[in-house]
Every structure is written in structure tokens, then in C-alpha cells.
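What follows is a set of structures to go through.
Next, two complexes with chain A in common: one pairs it with chain B, the other with chain C.
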Partner chain A sequence: MSNPLRELTELEKDALQEIMNIGFGRAAADLAEIINLHVILSVPHIAVLQSDEVISYIHNQIPDTTDMSMITQFFSGKFNGGSFLVFPHGEGRKLLRIFDGEMALLGENYDIDVLEKETLVEVGNIIIGACVGKIAEMLGDVVTYAPPRFFSQEQIFETLDDVLNESDSFAILFKTVFNFEQYNVSGYLFLVSQHSIMPWLKQAIAEFLGPYE
Partner chain B sequence: MNEYQQIFNTINLGLVVLDRELNVTAWNRWMELHSGMPAEKVIGQPVCDLFPALCDNSFIRIVKSVFAFGNYASYSQKLHKYLFPMKNPHGSSAVFPRMQQNCTFGPIRNDNKEIIAVYISVQDVTDFVMYEHKLIQMAKIDGLTGIYNRRYLDSRLTEEIERSRRHGNPLSILLLDIDHFKKINDTHGHLCGDYALRKISELLQELVRTSDILGRYGGEEFLCILPETSHEQAVVLAERCREQIATKPLACEDHQARITISIGVTGQHRDDTLDSIKKRADDALYQAKREGRNRVCSCPAASEPNP
Partner chain C sequence: MAKIMIIDDSLVARMSLKACIPKDAGHEIKEGNDGSVAIELYPTFQPDVTFMDLTMPGVDGMAALAEIRKLDPTARVIILTADIQTRTIERVMELGAFGLLKKPPVKDAVQAELNKALATEKQ
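And now, the complex of A and B:
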């Protein structure tokens, strides 16, 4: 257990916490300023887990998994991994109100499930982009994104099962709870990174800490 | 032209690049072809001047977010129909005058990894949308009469019950049945029976209001959902339908037939379900049949105080 690269030291953990706090704060400020989307992001929680514990961890974090929907988007750079934006118990549907004005033009022939999916894809990847982008930026990296994908109900845990069962034995997990004031929508954002980024991450944290030492 | 430029200009996809001021900096052949605007007229122009309608909230939100966060973004046909207003190049322009599009956006970075531009890809999905449109139509229209089918009526009625409960608006339904329909079939043949069903559907469609939802519920049975209509108003409408049908003789081949209908009317109760409201309409219809047909009977809402 004492392989130093497997674990973050307390100082590194605190620093990473700080990076996440600032990063998410900036992401929220930019979302409000640039696209007028007001989101509150909770203080993020960071955990280093065995890969096979990730799913049960996520499962345990969400008290009510009924009527759940999820947007996933993979990102790559030195900071790489997957982001999972989870809307439990029908919260995602409330985001449809973002398009209220335009929705009126669609008439009545539309399937609400399809609209929810398209809305979450469209809005979800902006939120993911803001959060992941800002953290990467603070760690001195630039990431690129794969197209977002939408999953609902039982597909969600199957998907998590598929993508998280990496050969890598550890995963670094970041969790935040978000809330859109305007729409009274809340959910979870999980970022899961493979353990292989650890050497780079430690280096990036050291550089972040540099000026303070 | 280098090979990427060749791809850019020959790919079967619209490709557009916008700089930070939202000026167009690239416009491929596909875009020229479908928009009718040549690249030299478009390059250097603000996209919002070229397409004022395009600069709605969603488009601006997406472009700004791509510049700010470097994310990949989508603009889907399901939510927005299309991004660039262009003529539908397929045979379906009567249904969709504009080409239906799925678009994606992404950042373009310079060597310092700064985002200097946004690309937009435009995919023509009109054909898929048209298939979908036809399937949706087929799934909710009755083949013989061209009015809604039972499946659609049930789902709409469920929605309307929910809506009426939420907003506290009244809701009523009519259940209509052609009197002695079996006799028409037996004496004049099935072709005449089918003709009668079509003709009565047509007449009813003209009699009900545009906000009413009329469909064929079973063999010779029709259901009409009347949103925001009180029980009393529904009875008046039912009576008008009954009377009009009874006074219009139906000519099938060389026969003249007089057709009448019986109608059961009911309004929504507070705790109604799809089944309970239909059951009351059916009971009222049964009563109309029992009392001699060609009449309207109603089952008033029990929760209403008696006058």
C-alpha cells in the first residue's frame, strides 16, 4: 500500500481539493457570465478507489436512482478520463425549460423522452466542458472531448460497468453536486480518471503549489 | 489544393468555420450548393448578418461555450429542426420546406492551444426525419377513415386528464356509435359500410372544433376528446353532431341511407383515470342505445353539486 504513486499525500489531496474548488468556481462563474446558466457546484469530494469499487461508490452516492438519466463524455489530454453527469429521479426533464421559447415551435408531436435526451446532451456537455476544462487549465493542460452520449435507466450501470472496468487497478474519482437555481434541477457530476495519470497529476499539483512554497 | 482542402470541399457535409467575432472564415462547397451563397460572398461576413434568424439563444450559447470551454457541442434536429435555413433538397418539401439538420460544433486551436475559431458541421437528416414523420403518422392515424386511431386517443386522453387536473380546466369526452351499423353492412355490403364510416368521420371532423381530438375508437365507434370544455358545452356539441348526422342522407352507390348516431357524454371527475372516464361515457352511450338510439345521454360529474 505504500507505493507513493498510488496514493496522494494529505498535502496533495488538499491542493487538489483547492484546485477543484477554484476550477469549479471559475466554471460556474463562466457559465453564468457567458451563457447565463446559473449553477451552484458543491465543494468537490476526491477519492482514490480500486477500479471495481467505483460503481458501488457512485451507486451509494445517489440515494434515489429511479428515473435516472446520464450524460457521459470522455476527455483526453494529460488529464484524461470520463465524466458522468447524473440526473436522478426525473431531474433531467426539468431542464427542458431552458428551451421553453423554442419548444413552443415544435408542436405536440414530440416524445418527451427524446427531448430530454437532446436537451441533456446539448446542455450537459457544456457543463462538463466548463468543469473539466477549468480543472485541466489549472493543472496546465488542454483537453479534447469525445462526443457526449446519453443513457437512461438500467443502461446507466451497464455503461459504467463497461467503461470503468479498466485493467488499471486504481481510479481517481471526483464528485460534486450541482444545482441549477433557475430550473431547480440538481444532480451529480463524477469525473473518473485512470490511475495512470498519477505521475503527471502529482507533478501538476507540485507546480500548482510551487509559488506558495 | 492540399488533401485536407480536397476533403473539405468534396465531403457530403456542410462545414463552416467562425472566428471569435462570429465572422465566417470558411464555407465549403456543400454549404455553397445548399445555401445558394457562394463562399466569396460569405467569407469575412458576420454570420448573424447573413442569417439573422440563426442568432437565437441556443446558437449563441453553444458558440460562446465552445470558445470559452473548448467543448464539443451539438445542435440537434429534434430540438431545433435546423440551424442554417436552406431549401429541402428532397421530395418532401411539402412537409418540411427547410432541410432538417443535425449540427455539431467544436473548437479549433492554434499552436499555443488557444481557441481561435469554431467549426460547425451540418448534416442533412431530412430523409430520416421524413421516415420518422411517416411512422408517427401511421402509428396514430386510422387507415380507413384518416382520423386518429384508438392507440393515439388513449394516450392523448391520458395526457388531457393529467393536464386538466394540473390546471383545473374542465375536460369532457363524447363516445359516439353508429346506430344499426350491422344492418348497413348486411343490406348494402361492406363497401357501403366502409363508405359510411369515412363519410361520418368527415362530417364529425367538420362539426367538432379544431382543438377537439376526434378518432375512431372501434368498429363503428368514435371518441372525441374535448379539452377545456364543460359538461354542458359538451352536451350542446354532441346534440349538434347527432342532429347534423341524422339530417344528412348518405348516398352509397344507388342506395340512399339515413344514418343516425347515439352519443354518450361525460365530464372529468377529480380522481378520474383513463378507464373510469371511458366507463362513464360508455354507460351513457349504452343508455342512449337503450332509450331508442339517435339521442344524446350524459353521465354528469358526480363531484359536481346537484343544482
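And now, the complex of A and C:
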């Protein structure tokens, strides 16, 4: 049976989605400045998942987990938890192609795997910072971040398992779409937190919505 | 009193925008959640001002803006968006947007842009 204190209403989800889209607008502007490409970032889908549903959700959405990669960044404040930006098969390499021009300047003295990792960490850091930061800001909180970390395919599920196995955790899933002009790159952003923050989250969303109702 | 159309896929975004429009002015407001609704509603409602989001599923704000300007080259469409990239702003202005406001909406900015649009003769 559903427990209203462990779930978000449609209006609360809509509010979070709108906040995320605003955060993404800022992230897009930041990314466009860095890579000199017009960027579209959008959040077409949001869902709240219980911790035991996250892994199966990823498997359903991303049947081929070959070459999947993930950027993780933990944050703390009233809103605290971990953010996991998962790039399905080959999406990381697609992002790397955006930097082809710059890479050519490096000649042969670079390691493609290191560059891919660095690119994903940088892009992930901007996207996660914009999303988490905007949610926190608009809900009247301030968060601090741990440095972003890169995880390759073989480390992803173990890392997620560790975090999701913490008691009382749940995930807010934002399916995200990044469109870098001619490059279509998509990814999944999970924010994992504890149910103990739900009363604060609901109250903060109510305060955010207050002036508009 | 003016006729105002609000198009945004987010109910919260529509609520927040409506809260910025003075209620005592007696404006008639119609709203929709998709660019196709805007295109369908425009000829019958004939709004004085349209507020439109850009990133929407289905027909997005750019396409709806272009279509509305084809239906009515004098249409006054104010884009309300989180996408604040220079190229986006240039594109919507090229398509004939009256103005562009950043999300989240701020009451003073919305009212100023609305008043400006209503005070401007349709051209």
C-alpha cells in the first residue's frame, strides 16, 4: 500500500521537474560557453523509485550495459544524498566527439580513455551542480559537494548497490536528454536520498508553491 | 482588460506565471500544455499577448511561435524559458518573439513586459 509520506504527489513531482528544467537551463548556458555549441537539456520524465527498484529500472531502460559509465557526486545539506549520472553505451564517446577539434591539437600524446573520463566528469559536474544546486536553492537550502567521481561499467552496480543498501534510501529519477546540436546524447540522472528527508522535501516544495496557489 | 494565453507543459510553471499577472486587472486567461494547443487556440481566442515556454514535449515553443506568427504576423508572443543561451535568444527573436523572460518568472519583470506588449500597437 502506498505511503503518502514516502511518495511525492503529481504536483510535487511537477514542481521538482520545473525546478530541474530551470537548473538545466543554467547548465546548458554554462556548457554552451565551454564547448561553443548550442545545447538543449531537458527533463522529459521524473519518477520516484524505492531503492530496490533502481537497479532493475536501469536494466530495463538500458538493456545493453556495455561501456556504460557513471559520474557520481555526493552532496550534503538539508537536502543530502548522492547524484548518479549514468551514460548508456557509447554516449560518453559521443560526448568526446564534441571535443574533436581540441583533441586534434593534442596530437597523439593523449589517452582516449583518460580524456573520455575527464570529459564526462566535467560535463557531469556541471549538470549535477546545476540540478542539485538549483533544487537546493529554490527549496531554500544550501548544499556542499564532494568531488565528482567517474565509474566505469564494471564498478557501477557495485557502487549503486552500496548506496542503495543504506537503510531507508529512495531515488528520484530524472530521465535527462542532452542535445548538443548534431550530437544526441542521452543520460539518466538519479538523486538518491533517505526517506528521512521527505518531510523536509514536501514542506520545502509546499513553501515554493505557496505564493502560486 | 486583455486576453492572455499561457502555454507551458508544467502546471507549476503556469501557476507561477499566473501569480505574476495582476488579478484585479480582469484579464481573461486561457492556458495549454503544448505548442499544438497554442496553434489550435490562437485563431479562436485571439489573445492580445501569449506567454510561451520553449521546451515542451510534442510541438515545442519555437515551432509554435513560428506557426502563430504565420497565422498572425502581428502576434505578440513573450517567451518564458530556462534556456538562456545567446543562440536561443537570437533564434526566438528572429522568429518574431515580442520578448523573452527568464524562468522562474519574477512579478515585476512579467508585469513590465506584459504592460509593454499591451501598450505596443500591433504591427
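Operating definition for what follows: the second predicted complex is superposed on the first by the 165 of 213 C-alpha atoms of A that agree within 3 Å, B and C clash if a C-alpha of one lies under 4 Å from a C-alpha of the other, contacts with A are read in each partner's own complex, and residues count from 1 in each chain.
We adopt the following convention: a contact is a pair of C-beta atoms (placed from the backbone, for glycine too) under 8 Å apart; a residue touches a chain by one contact, two chains touch by 3 or more.
Note that the structure is a prediction, hence the values are computed from the model and not measured.
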Which superposed partner A:163 touches (first chain B, second chain C, both, neither): neither
Partner chain(s) touched by A:129 [first = chain B, second = chain C, both, neither]: first
More chain A residues in contact - chain B or chain C: B
Partner chain in contact with A:62 - chain B first, chain C second, else both or neither: neither
A:28 touches, of chain B and chain C: first, second, both or neither? second
Chain C residues touching chain A - in the complex, by the definition given at the top: 10-13, 15-16, 18-19, 55, 57, 81-88, 102-104
Partner chain B, residues of chain A touching it in the complex: 27, 30, 34-37, 73, 99, 101-103, 105-106, 109-110, 114-115, 117-119, 121-122, 125-126, 128-130, 133-134, 142-148
Interfacial residue positions of chain B with respect to chain A in the complex: 56-58, 61-62, 64-66, 68-76, 78-81, 104, 109, 113, 136
In the complex with chain C, residue positions of chain A that touch it: 11, 14-15, 17-18, 21-26, 28-29, 32, 38-40, 42, 44, 138, 209, 211-213
